[in-house]
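Comments concern the structure below.
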Amino acid sequence: MGIIKESRKKSPWIVHFDCNSCNGCDIEVLACLTPIYDVERFGIINVGNPKHADVLVVTGSVNYRNARVLRNIYDQMPEPRAVVAIGACGCTGGIFSDCYNVLGGVDKVLPVDAYVPGCAPKPEAIIDGIVTALSRLEERKINKNEVE
Amino acid sequence: MTEYLLNIDMHYAYIILLTIFVGPVVGGLITGIDRKLTARLQGRFGPPILQPFYDFFKLIGKERFAVNSTQMIYVIGTLFFAVTALIMFTTGMDMLMMVFVLAFSNISLIMGAMSVRSPFSKIGAQREIIQMMAYEPVILLMVVGIYKITGSFMINVPFNSYGRPLIADLPLLFFAFSYILTIKLRKSPFDYSTSHHGHQELIKGLTMEFSGLQLAMIELTHWYEVVLLMGLVVMFWAQPIWAGILLAIGIYLIEIIIDNICARTTWKWMLKMTGIVGLGTALTNIIWLYLAK
Amino acid sequence: MLLPALCSVLTLIIKNKFFRNFLVILTLVVLVGSSIMLWVQVANANGKLTFDVPVNIIEIAGWVVKAIDVAVLLYVIFRGIASKKGLAPTLALIQLLILGYFEIFVLKGAETNAIFVVDYLSLVLVLLASVIGPLIIFFGIGYMELHEEHLHLKVSRQPVFFAVLFAFLSAMNGIAMSDSLVWMYTFWEVTTLCSFLLIGHDQTEEAIKNSFRALDLNMLGGVAFAAAIVVIYNSTGMISIQSLIHNHSIVAGGAMLGVALLCFAGLTKSAQFPFQSWLLGAMVAPTPVSAILHSSTMVKAGVFIIVRLATLLAGTGLGNLIAVAGGFTFLAASAIAISQSNGKKVLAYSTIANLGLIVCCAGIGSPAAIGAAVLLMIYHAISKGLLFLCIGTIEQGIGSRDIEDMQGLMKKMPYTTFIMVIGMISMLLPPFGVLITKWLAIETAVDFPLVLILLILGSAFTVVFWSKWIGITLTMSYKKEYFIEKNLHPSMSITLAVLIIGVLCATGLVTPLFNSLVKPYLDGLGYSTAMTLSSSMGDLTVSLYRFGTIGGVLIGPLLIVVLLLVVLVPLFLIHTRPEIIKPPYFGGELANNDIRGIEFIGPGDKVENIVVHNYYMTSIFGEDKLTIWMSIIAGAIILIMFGVVK
Amino acid sequence: MLYNVTDITIEGVLHSAQDMEIQGYRFVTSSCVDNGETLDIYYHYDKDLVLKQYKLNVAKGITIPSISKVFFCAMLVENEIKDLFGVQFSNLVLDYGGKLLLSDGAPDAPMACGGQIIVIEKGKE
Amino acid sequence: MKTKTSVIPFGPQHPVLPEPLQLKLVMQDERVIEAIPAIGYVHRGLEKLAETKDMNQMIYVVERICGICSFMHALNYCHGIEEMMELQVPDRAKYLRVIWGEMHRTHSHLLWLGLLADSFGFESLFMQAWRARERVMDMMEATAGSRIMISTNIIGGLRRDIPADLQRQVLDMVDEVEREMKEMEQVFLKDYTVKHRLVGVGVLPKDIAYKIGAVGPVGRASGLAQDMRSLNYAAYKELDWETVVENDGDCYARTVVRVREVYQALDLIRQAFAKMPEGDIAVPVKGFPDGEVVTRIEQPRGECLYYLRANGTKNLSRVRVRTPTFANIPPLIHMLPGCQLADVPVIVLSIDPCISCTER
Amino acid sequence: MLEMLHNIVKNFMKGPSTRLYPFAIRKPFADARGNLVGIDEETCIYCGMCQRKCPADAIVVDRATKTWTMNPYKCVVCGVCVEICPKKCMTMGESHRTSTKKMENVVQQKKAVEAPPAPPAQE
């Protein structure tokens, strides 16, 4: 299935979830979609719906409340899927890692495939990050859950 | 005529095969060009033209998961009936029946969306029903208008035997049809039930709960539908055929432009406007035909 | 025809349940058998079976009939006065007066020598009444048991119930076959009375109120009918329907008023706007009653008479107006149905709408339209009967007839739901009969722009309420424990099965059906080349006499595709079976991985239930808003109708 | 510096709010500070860009009357104080039950003094 | 007939909400009859960090309350401490603060205009707004070294100056954005479909707006002439500007207010450059503050209140932030009931919600 | 409805304004804070000033082993350390740090001392 494998890399649809992000990373993710950076060149669309998405882009650190949401969104994405953690917060919690309501980086909850450092990372860096994560999309892991 | 109809020979087999296989290629290309052009209109670089196909193949290769085990049946239903409608079109059958079959395709999708408990897909389905309520009458009136001047419901008549371009007699109906084309193509300002860009209150609405292969098939259905709708546009200027194709290209361009210069409105507004503009013009045209007789 | 009447008496007497049931079943079988026999006879008699009876017997029978009639009217007056309702007795009184006047002062000589004439149209009605009717009664055996259980009745009122039902059926057969208007009128009144009794069967306050409403409106129709007889006889000297419809020239003048009056009676009986309210009220009755009223009998009697007169209506102003009235009812009822969440009411409105469509076709009166009307009568009867029974079953299952409560019904009562969904689809989608007739209707209505628009808009609305309903029943909730369809009474499940098979067969056999029932009728009317629905090699084409083939579908090539699909789809489905079942998307706040997809975590971390209802758009299509306006418009149309015939 | 500060007692909370409402003040917000044993709660009001503060000093554990009946917008900040300082409010119009900002797993009343800063990953560096 | 109501969760993950905010919507058909917001998805608890980070480090923390109004948070914080310590910030720094502050306002409003366009499905307009915004971001990077967290505020002044050649570039940017804004204004304020989505939607009458505590553009669109810039901070006293007020109180009025504020901000940048004196950009800070202070400044979304309490050590004992969105959520609860589902995103966005600000 | 037409036609005529990153990389602005590259091991005196001033606690300076460890995934690129360093031995790069699949610390050590292998920042 060469063509499918090839296509996977050419059409990574993203779903963006803002955990504890301060919006800085957030708007930089959105800025990637705008004419100046236009990630649709790579087939990237922000679909907003985990069920359609291939790449989960997470900005910000994880707290007690959004951890369950993050988990749930990830659960609803079909394999193959990748997770990109954006910004210092997404990677480790950054400047907030000492806060009482911060669990830490995204990797506390999900397996992360690419870490994008910076605060806030530039759109260029975010594009890099998504591209880095693409290799994860090539292989398709099957997670056998119960089938009704 | 009856002879012609009843004669099932290889001729049909070829047409059917051609429809099934070439249809989506054309549809996909149209979508690709649409996306590229849209990007350019927004001052972006845009995706490659083959992007829809990448998307399609990627979706096929995704993990198959569903919210319930019946979803796939509805998806097959919608795909099948869309293909059937297109086949009915290419083999020149009854237009009215084709419209019904197309509606069935749509209803199948609605059923699929309603078969899950997700609020977004359910509300999307409700809106889709409302949209259907808005555009079905116009399409039916279009069919009637065509019947009025050609004396037949058969699609092959305007293509083969009726000499004049339909648009000469049905300019207003053509306008009404282009108007609802925006609804059918799910373009702004009428993309209520699902939009190309998921940034609306229902996210992806109708297609919310379909993923992977199912979504790919819905996309495929959409391509067939696009081809069919464009075919209907061509029908308005079927002789010479290139004029019709030019017409279709022109209409599609206008659709893209409209998509880019309009905000999404609300369905109440759509109902009102389709009632006034769509039905109004279509009716005017038909009444005019009656009077002209 | 006498058989059901006899049986009616018997059931009344026999108190033993088992024996009664046996009797009911027996009668049913005989009834079905005899109606099929009748078909054979009709076919042999070249489409017109006349029962010639010696004059003296007619005399006697005539007196019997008149006696029945007077008895009915007196009973109505009695009941009306007993429960202090003024309108119905008054109307009954008027009828008595008219009738008396007619008998004494107007009528001269023998009425007609053939009291019963069965042509294909009558045959259709007889078949409907005595095949679907009995089936519904059969269903009623199981249903009524449960029903009475629910009501905690001490003394079973079933004997009365079945007796009335049978009386009803015999009256229906009477309507279908009588040739004399007077006879028909009698049976007409009997159906009115029976429906009154049936609607009031549960004896609740609402039931009684509604039964009187039904009585009032139908009595109004009865007055019209009675008046029609007088008018027609006065101007043409005829009282035989057959001679009436074959004498276009005679009915030109004053008799047209009579025809209009007959149509008026038909409109009331078929619950067209503005007379729809009785049919809606009839929903309080036990479900088999609604089913029987809506599908095969009562209302069908109404449209029957209009279809009967269709040849007279064709091309006249009256006909056009009737078509408009029908089309308008179709539109209005469909629109209001959108705002209804009570399943039975939706069905009721849909019935009204479909009857509107039939009336509309009859009003157009062109042969193709008549063909469509007859076909629709058949299909509608089967599908609607089925749907009513389904909803009755469901109501007993889940204790509600509200559409919203049917969420996930597919998991709760798969058998019934499956059948019901097919039934609903058959009302809506290709390739089922109702749609085919709708298609025919549109194709034939193409010369009447106003009617056409009404039909087109109406069918758009139809799509809305059906698909909402289908959608909601198909919603899946995931737990097996929801299954509650354990002890379905055999009579109920069998009936459903038979009916759904009927729906499927009738669909698969459109052309044979058309050719053996409808086309002969059209031929009998003298439209031999009027319309053909040919189906050589499975293709369906419609030809109209003026245009030749105007439309058609090549079923052949499609059939190949379908066959391929039948093989491929299961394979495909197996191949693409979902690997995982996952809950729906709730914006990320799904609670406890709830696979049913009901719970989400709301504000303050509280677990709450998601509720999604269908849209009813009450602000646009609300019953209370539309009914008045629609009724006013419809009333106006009817007034104009009488204006036209003047 | 802080100007226009008036001290009030717990009885004066509602009264001062009603007073402010009558005088046409706008409720800006309240701020809570933990002094160890007691809490300072400031009610900030504004009129024509001039701030006016009421300062309430209460011991911990005392239920404070909510002013959300007077100023609906106080509902949010009172819920927040409830979350972060563990203060109870009576008659809240919309009560999130201590779950406005925090979820299960998060520390109780984290902003209250003596509440340990939860140091995650400190040792790992 | 009994009324049928649907209950659905709107968010927290939802593409029209760039940030996690959940609304529990109770609807009848598509008419919302009740809306209850749930927040807490972005709560970090950074006010507590004041106890471990010293007051200088705290600048970078409060700056990261929000990536859109980051500079303003730092400004408010620094301004508070300067007031406590009675520091006299050099004039040039004051003007520079105005410039960066207004650049932030410009980009924030452009961002909002884009998101608004997106919320009613006007993708090309979204693209245009964000393209214009990108020019501001470029200048931010050129002048301060970073696009979002420009981190130029320090207690007592600023870290960075804007040299003359950059000033010219910034002015070019101002001209260009103004040009783009003129084009977009036509669409935002005149386009039929856009007006159809905005006019009369989410109406907040003046008295209710005041009572319920609406601030910033939301308040100003309802006729409340309150703009914290007329308080004495930065150099706004020396500049010539007027509070933008509209009276309709609907989403359209809010759009108008923000569009006009973009022009106003651009104008203020020009003025500030013209009036900016030469000189130092920071004063040295000695010692630690003591006491308490409340400062308020006008952020893009409205009035932001800082309550600071210091105890004479390098750590502040309390930093309390009340952000404009926090104040604008009650108006949101008030506006949503009665609207259509399709208008929910528009109304939610019309307060320009910034959840990370709200929850800190 | 036609107000936007003007704009999109203009967009179309002007051609895309997209920066074709990564095929064409724009020169970063002067003095941009792209990423904290690291220190000059030889100049650094391992005083720990940067560690104390860093708001994100991203730097750990070990005086004893003369190691300077920085977690680039925690650093918020504020530039405080660069400014505060008494030796001005740190470099702030103008371009951004690229993303990686694993997080790794930047560890720098005075040459004289044996360098321990770089441990991953997190599991």
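Letters are used for the chains, namely A, B, C, D, E and F, taken in the order the chains are written, and counting of residues starts over at 1 for each.
We take it that contacts are C-beta pairs under 8 Å (C-beta built on N, C-alpha and C of every residue); 3 or more make two chains touch, one makes a residue touch a chain.
Note that this is a predicted model, so its numbers are computed, not measured.
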| item | value |
| --- | --- |
| Each chain counted as touching chain D and chain F at once | A, E |
| Between B-C and B-F, the pair with more C-beta contacts | B-C |
| Closest chain to the centre of mass proxy, which here is the mean CA position | B |
| Geometric centre distance via CA averages, chain E-chain B, whole Å | 43 |
| Inter-chain centre distance, chain A versus chain B - centres from mean C-alpha coordinates, in Å | 34 |
| Euclidean distance of C-alpha centroids - chain D vs chain E, Å | 24 |
| Gap in Å, rounded to a whole number, between the CA centres of chain D and chain C | 68 |
| Residues within chain D bordering two or more other chains | 96, 99-104, 110, 115, 117, 121 |
| Per-residue overlap in chain F, given as positions that touch at least 2 other chains | 1, 3-4, 8, 11, 16-18, 20, 55-57, 71, 76-78, 121-122 |
| Per-residue overlap in chain E, given as positions that touch at least 2 other chains | 6, 8-10, 12-16, 20, 30, 36, 38, 40, 43, 45, 48, 52, 60-61, 64, 122, 124-125, 127-128, 131, 146, 149, 191, 193 |
| Chain C residues within the chain B interface of the complex | 407-408, 410, 428-430, 435, 439, 442-443, 446, 449, 452-453, 456-457, 459-461, 463-464, 467-468, 470-472, 474-478, 534, 536-537, 539, 541, 543, 547-554, 556-558, 560-561, 565, 569, 572-573, 576-586, 596-598, 610, 612, 614-615 |
| Sites on chain B touched by chain F in the complex | 39-46, 257, 260-262 |
| Touch list for chain C against partner chain E, complex | 341-342, 404, 586-589, 600, 602-604, 608-619, 623 |
| Residues of chain D that touch chain A when the two form their complex | 101-107, 110, 115, 117-122 |
| Contacting residues of chain E [partner chain F, same complex] | 53, 56-61, 64, 122, 124-125, 128, 131, 138, 141-142, 145-146, 149, 151, 159, 183-184, 186-187, 190-193 |
